[in-house]
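Each of the next two complexes has chain A plus one more chain, namely chain B in the first and chain C in the second.
Let's look at the complex of A and B:
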């Protein structure tokens, strides 16, 4: 079992088979553009685009909904605060609390935009394993060090998690029960420090082992990415869709 | 007398901040074709010796020669590492690629082999160790024994002339130990094994040395070792 679950990374849908690079570029542009839009028309268009991608990825709906629920549980806090604090025309008043029209509109817009981005990312980016993600980022000429950082974090997170579990077990076996006292704080501080030191040592040993196998600063990939015609077609389609999204936001005359 | 595979002369080494040095005026020689076990209590310098040979640690004094060439600088040791394989105590330190095939191909790729050839070498090495079908297995999900065998494959894929093994049997079950013995007996290269298990050494090496401050003292261990061939 891995420390990171990747429930969407396996599949045979069109989305899974598309080249990871075109998916990543599309996802990044889509996320930035959607974050920038200010109108409902554009936000809803973005949501529609994201849903089309989701349909292409043929993911298990239940798991997608579960993930959306997690994201939206953060957005609930916005609904609890923003409509009451955003200045504007009051539409509903209850005691000292007043809900404003502008507050409701902006909270709704944020909700639509966040969901569009999350769905888009699930469909485009979460449909590849982390290792493929790292490889694709490397091929997209992102800084090598960041790509290595991603891949190594992924590889050793599990090992470090196990180390953490072992330490916690060892604490429990010797009768440790967390409470609100200095002993508990000190113990947790020791635990965190020990994990840090061990991770550092392990990084050292991993690097030594890599040196022993002739590592000299560059990774050579077995390179299984291959660009095909459908990737180009998807790229063009995604580009057009994003242009349309931009047109809906900035090209159409706004109703004011 | 033929040239020694490894020769250490008058090595002095101390870990930073340690009260006493691990080696002082230490001398050591390994002949071609030799299979040697290194024994001694914890902390006597067995692992340190292996790390000195491969340049992960540098001595404060003395000279190291590998395959007849004196090695002292980074560049020298880079060349040594192409021909001397070190199997680490903890396989998790060694297997860092996501899949088995990628990990075993890592060494050959670093040696400058094209990907197709690296994959072929990796597949062949895995097959030689009885690990067919492991290609796409995820390295951190392997069992302890499988991890050890895969990391051995990763070292052997570089086709080394000398193999250094650091406590290869630690934490292994009897079956995996037997497989390891079988693999080592079939190797045509020299190797040195650090181990605390006399039984394992009896089956894999012909002579054992007790690591001391100034030299390795030959012991009577491992006499019943493998026959030549």
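Let's look at the complex of A and C:
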């Protein structure tokens, strides 16, 4: 089984059927706004919005939770360090270790914000296949070359991963057992180098094939994006929700 | 190491994004049509190579190879790394959208810097090239670690200890990356020297 998977991209929920452009714009604005908020009220509101989107996407919860657990590794690292090192009032002391109130508050805020953005991204952006994403980005006027790079990289990711699996299998059959030694490092280096060589050779063949088909810098796609009324409605709703989020952060008088 | 969403201050995020846009624009400009599949496939290969976990004592470190990426493609490493990080954010939810700019700078700036820094050394055959290849791998990781620390510190002085730990954690990775980059350089020199043409151009 491939290590690279897109468990969320396929589906028939409302979220999956919305136009990818409106979802991408909403996801980007939501992420930027949430990253900027500094209060718990706004961070929790953002988390609530993200959860609404997640509910609309009807994704397998078990897989979403598994993802979140892995992604929170940096956050766990922060929990292990920040509460002890952040200057402020000490609330708990154990030997040389002192936990500060400010440290706990800031780490908690970071955790809420981080997970709100990730859940938002899973619900809004990870629910489309990468090919659709490339097409949508092109329609959103991103540089053409960048979109080509995205589509090509994605297209050959799986091919090269299969090459990688074959090479690893060959190494195992020949009795390779990794350890902390130079032989292991040299072997892994050769493995990585072989992947690079094969991808380089394949790129030449791909480009020749493209030239044969008359490539001159543009991709033509048969799949078309069609803007429907529900996309407009979602856009308006998302805009209002984001305005409210901004109001919670910057409009309300702050308790001091 | 990727910085997660929601950690850095808006100013740092915006600064990172601005730098990433400039770097990407330069990289795209230096990339003609023939280079698109080449850069994309190398980018995919680097993505897959990052699945390789190299044992160092009891832990497994995954390969980064951003120094090597810079060495092979130069400036186009910036858009290539941007795309790889975007795919990682979408497929694995590692990193993220708002930190995409900062993370791109963290990985790609060392790639481009090492390319220019060690090119003269890599051109000379024998021992200097070997030293250059090792340094390219090791220094790229060191710079990445320092950039992560800088991003955290400009967000707030309270991150001092976190930043320190991040830099410390990069030291073993540095050595491993240096050794692996050296071996890969030798392999490519022997097997497909034309892949290293960028160094001599």
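In the analysis below, the second predicted complex is superposed on the first by the 249 of 256 C-alpha atoms of A that agree within 3 Å, B and C clash if a C-alpha of one lies under 4 Å from a C-alpha of the other, contacts with A are read in each partner's own complex, and residues count from 1 in each chain.
We take it that a residue touches a chain if its C-beta (ideal position, glycine included) is under 8 Å from a C-beta of that chain, and two chains touch if they have at least 3 such contacts.
Treat the numbers as computed from the prediction; the structure is a model and nothing was measured.
J.: Putting chain B and chain C on the same copy of chain A, do they fit or clash?
T.: By the criteria stated at the top, chain C and chain B fit after superposition, with no clash.
J.: Have a look at where A:25 lands relative to chain B and chain C in the superposition and call it first, second, both or neither.
T.: Neither: A:25 stays clear of chain B and chain C.
J.: Taking the superposition as given, does A:202 touch the first partner, chain B, the second, chain C, both, or neither?
T.: In the superposition, A:202 contacts both chain B and chain C.
J.: Once the structures are superposed on A, label A:71 by its partner contacts, choosing first (chain B), second (chain C), both or neither.
T.: The second partner, chain C, only.
J.: With both structures placed on chain A, which of the two partners, chain B or chain C, ends up touching more residues of chain A?
T.: Counting residues of chain A touched by each partner, the higher count goes to C.
J.: Who does A:34 touch here: chain B (first), chain C (second), both, or neither?
T.: Touch partner of A:34: chain C, not chain B.
J.: What is the contact status of A:213 with respect to chain B (first) and chain C (second): first, second, both, or neither?
T.: In the superposition, A:213 touches chain B alone.
J.: One more residue to check, A:122. First (chain B), second (chain C), both or neither?
T.: Only chain C is touched by A:122; chain B is not.
J.: Return first, second, both or neither, reflecting whether A:131 touches chain B, chain C, both chains, or no partner chain.
T.: first
J.: Of the partners chain B and chain C, which touch A:152 in the superposed model: first, second, both, neither?
T.: Both: A:152 reaches chain B and chain C.
J.: Look across chain B and chain C in the superposition and give the shortest C-alpha distance you find, in Å.
T.: 10
J.: In the superposed view, which residues of chain A touch chain B and also chain C?
T.: Comparing the two interfaces on chain A, one with chain B and one with chain C, the shared residues are 152, 154-156, 159, 202, 206, 210, 215-216.
J.: Which of the residues in chain A come into contact with chain C in the complex?
T.: On the chain A side, the touching residues are 3-6, 27-28, 31-32, 34-36, 67-68, 70-72, 74-75, 77-78, 81-82, 84-87, 103, 106, 110-118, 121-122, 125-126, 130, 133, 143, 145-146, 148-150, 152-157, 159-161, 163-164, 178-180, 182, 184-186, 188-200, 202-204, 206-207, 210, 215-217.
J.: Within the complex, which stretch of chain C touches chain A?
T.: 1-8, 10, 13, 24-25, 28, 31, 33-34, 36-49, 51-52, 54-57, 63, 65, 72, 79-80, 82-84, 86-87, 89-94, 96-99, 158-162, 165, 176, 179-184, 187-188, 191-192, 195
J.: State the interface residues of chain B toward chain A in the complex, per the touch definition above.
T.: 51, 54, 56, 78, 81-82, 85-86, 88, 90, 92-94, 96-99, 101-102, 105-107, 109-111, 115, 118-119, 139-141, 154-155, 158
J.: Given the complex with chain B, which residues does chain A contribute to the contact?
T.: Spelled out, the residues of chain A in touch with chain B are 1-2, 129, 131, 151-152, 154-156, 158-159, 202, 205-206, 208-216, 220-223.
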